[in-house]
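For reference, the structure is listed below as structure tokens.
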Amino acid sequence: MAQIELCNITKKYKKNTALDDISITIKDNEFFVLFGPAGAGKTTLLKIIAGAEFPQEGLVKIDGKIVNHMESKDRNISMVFENYALYPNLTVYDNIASPMRSRLYRKDENDIKTAVNKVTELMKINHLLERKPSQLSNGQRQRVALGRCLVRNPSVFLMDEPLAHLDAKLRHMMRGELKEMQTSINSTTIYVTHDYTEAMSLADRIAVLNKGKIVQLGTAQEMYFTPRNEFVACLFGEPEINIIEAQIYHESEKVYCKAFNQDVFLYPGTDVGKILTGEERSRVDMGIRGTDIEIAFERPGDDWLEGCVYANEPIGNKVIMTLTAAGNKIAITCPNDTKADLDATVYFKINMDKVLFFDSETKEFITRSDMKKYKKGEETDT
Amino acid sequence: MAQLILNQVYKKYDGKKKKLFKKQEKNNFAVNGISYTCNDGEFIGILGPSGCGKSTTLRMIAGLEKITAGEIYIGDMLINDLEPKDRNIGLAFEDYALYPPLTVRENLAFNMRAKKKAQNEIDEAIAYVAPLMKIDDLLEMKPSALSGGQKQRVNIARAIVRRPGLLLLDEPLSHLDGKMRQQLRQEIRRMHHEIHCTAIIVTHDQMEAMSLADRIIIMKDGMIQQIGTPLEVYDDPVNEFVAGFIGEPPMNLLHAKIVNKNGGFVFTFAGSELEVQVPKKYGKIVCGGMEVILGVRPTDVMITKKSAAGTQVRIAVYENLGDERRIAVRVGASLVSITTVDDVFYSVGDKVQLAFHEERTHLFDPATGNRIRG
Amino acid sequence: MEKKKNNKKIYMALGAVGRNLGLTLFGLFALFPLVWMVLCAFKSDAQMYNTVFRFTPTLDNFYAVLVRTDYFKAFFQNLVVAGGAVIITVIAGVPCAYALARYDFKKKEDVAFQILSFKFAPEIMVILPIFLIFQKIGLYDSYFGLIWVYQLITMPLLIWVVRGYFEDISVEVEQAAQLDGYAWYEVFLKTLLPLIKPGLVASGLLAFIFAWNSFTFPLILSGFKIQTITITALRYISSDTVHYGQVAVASTIAVLPEVIVALFIQKHLVRGLSFGAVKG
């Protein structure tokens, strides 16, 4: 139960700036995700909130109180570290019991036992209680670390990649468990990840970090459907969004695009067309996800583009087909019985209503069809 | 160009190594009598969890481990007692074992120089391989200047540069991050398409095996569970292990009890009131009181909001991942996950009804894990 | 096939015999000086040069050393000096090692190397100035003076080993403990101390042995008040004759604590030092 305010946080290591003027307000009880590539400064930000690192500039406030100089033990925070940070000399049981044995949060041994048993059952590690961390696999260690974090009822949970070292199956399951737990724990949670599915699934709000700066702050849906720039667009979605360079042509009232040096007219939606007409552009970057491209083996119509199969990867419930067209690669999600020979010629059609338009110079987001629909989503969320 | 045949191959570690393989103490065999045939030019994926014996198998084929019993043939030649260097095998490990003081070009040439090949022959081979693995620009660089993905490209290029009859890849992508892994996966596939050698890749990542291999061998505890094309192992698993191992998100595997009701059969689940009609195809083989494991993929579970007669379940998790939505409901103690691409919106706590895609449900024997076919 | 198997068995048996023979030879070689010393301790001066293993054992030497001289006083004083030196080293060295492992300050590596380099200089090189200074400020022939100067022997080793241990512990473990609600001294006692214990014990005991054996410093820096046993042993070499038997007794007893310590901590010592050595 705490609101966290970060005001103009700047952190430098020698000459490298890890965090550059970060200001965020994380609401009480919010599940907040810090998302970004490696080295973006996510972990540093988390440690600053925990009190394990100190910013050169800026204020950290918990519930309105400035805590810059408060020791971490007094902040009532519990944290999962990416390298687990388990006590190597203690058993799993003692590791998890540790927060409840400190002077600040002391409980009697019976309560500790019930609490530890509850949390270890949830994490499916109750058969490992007597082991030392060195005898565990990475996945098990991670669950112990998560257990140690969840056993207490702090005002803030900080989680640094808590699922990163689990295998896909366990990660899927634990994500579900975390998500379900979210409703029952009354605490603000800040969660660091580089996995977009975790971010989208768990977050109330997401902050995308890159090189120590916040690139975009908003809900998962905003990130996915109206990313601020190509960088954010590429972070969300698997396979990665296709960025296609296109030329804009004005034809009386209408605007159309051409791509891949092919003589196929691509008409954007009228609302997009208006915006594109207003600006004197000759080029634009189109972002289109693999799910929004259709594929065919015979050309069904004039508005279909031509490509060459570069790779064809069945991954169970779908097939990811990669085409090449004029040197560009385009990844397309197809049904799981699609088969194609490498280097065969195929045809594809872009669903122009789903295209995200970016400025080809600045890579900033311009517009997309149905902006209202996605803007409305924003209003209801805030 | 060669066919590879394994005939009843066993591997047993003795002495101190036993401690490392605790799980196998019962039978002591790291690889327990496996037989299969890789056809000429085929790309085979050996898939399994850690400690299943997949790497040991590969190392036996390469000649780095002794074979305890059984025979391995390449073409018609028995290679059990052949030195690794005489087996005409190209091998790329997980760790890129490049020689640091040599440039990429010298690294590629190293092996052929050792075999006293002519310089122009070497140059030709490198000129052929470099564009295949997209390392043309890197040839004059030292390994220390390369990124992980580039090193692995060089590593694979080195394995194929002398055109071996058999290419072995041991977890070549596991050190790389997501995007790089996906890219290299495609390039390995294209490289194989180009040179068409018999290739084996060992991996624990089902996605990797599915996307690369023509056929997949799934191993567990030193034994082969199933051999088949990616689609076969996905759609038609022979046992519970394969069903749970292949597919992401994984198949829902639920303990169910079959109960007689209104002249038909229904599945019931401990701790839940949910009842699901037993598909007709199983009508003849099931009986009341029988316990089974019901397997159904997340994509084959349908949700309806209609409040008809059936039992309702509560939504426990709702995740909107942009292009698909993942939903989980509690059935007893387990979470049943559902994946859908439809634009549906639920919130946690909503009551819904479940329906299973009848044709795509699988039954497994709880004792043996074997598939029960209708 | 059968023959082959038999041959293999014979080879294996031969190998085992060879290995054991080699080990026995090495054991004899390594232990012989000790055995010889103990034998000497039981020989009278008359039999010292004309017997090898067969002689009439006598306790005269023991009587001469233990009763007629103040050997026990020296033994005790040695214990105080060496023990005191180790205690001071642990109290000052562990925080120093922690600082060198954790904090980032200017010239850190230079400071660390400087500490280690104390170990390089031969003691004889610094002994004269120290002697003169100690005489001036009244530390000559005092416990405090010796314990102080012994830090040169004991401190570098301990700091170097324990620093390696601290570097092996991830910072996050400390941070986790703090978030668990422990104050800094509790973090140190409950989390860090158990983790560095092997290194601390091993290097502490090794430091004790080095201090115990030290010869040059007490030779010059102690006089009549303080005597260590390494110096005392020399007393039996008089101007006219050398009492080898008495020297042997003095040395045998001097070695005892080390042998006992070494036997007890053998495993600890090897593991503790090699673990630190990898990092250090």
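Think of it as A, B and C in the order they're written, each chain with its own count starting at 1.
We take it that contacts are C-beta pairs under 8 Å (C-beta built on N, C-alpha and C of every residue); 3 or more make two chains touch, one makes a residue touch a chain.
Computed from a predicted model, the values in this text were never measured in an experiment.
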- Note on the structure: Among line, ring, star, complete and other, the chain contact graph is line
- The pair of chains with the most residue-pair contacts is A-B
- Query: Centre to centre, by mean C-alpha position, how many angstrom separate chain A and chain B?
  - Reply: 26
- Whole-angstrom distance, CA centroid of chain B to CA centroid of chain C, is 57
- Message: Applying the document's contact rule, which stretches of chain A touch chain C when the two form their complex?
- Response: 47, 50-52, 71-73, 75, 77-79, 81, 83-89, 98-99, 102-105, 148
- Query: Given the complex with chain A, which residues does chain C contribute to the contact?
  - Reply: 170-173, 175-183, 186, 191, 194-195
- Message: List the residues on chain A that touch chain B in their complex, please.
- Response: 38, 167-169, 172-173, 175-177, 179-180, 183, 196-197, 200-202, 220-221, 224-225, 236-237, 239-240, 289, 291, 310-311, 313-317, 320, 322, 333, 336-337, 342-343
- Task: Please name which positions on chain B make contact with chain A in the complex.
- Result: 177, 179, 182, 185-186, 189-190, 193, 204-207, 210-212, 230-231, 234, 244, 246-250, 297, 299, 316-317, 319-323, 326, 328, 335, 337, 339, 341, 348
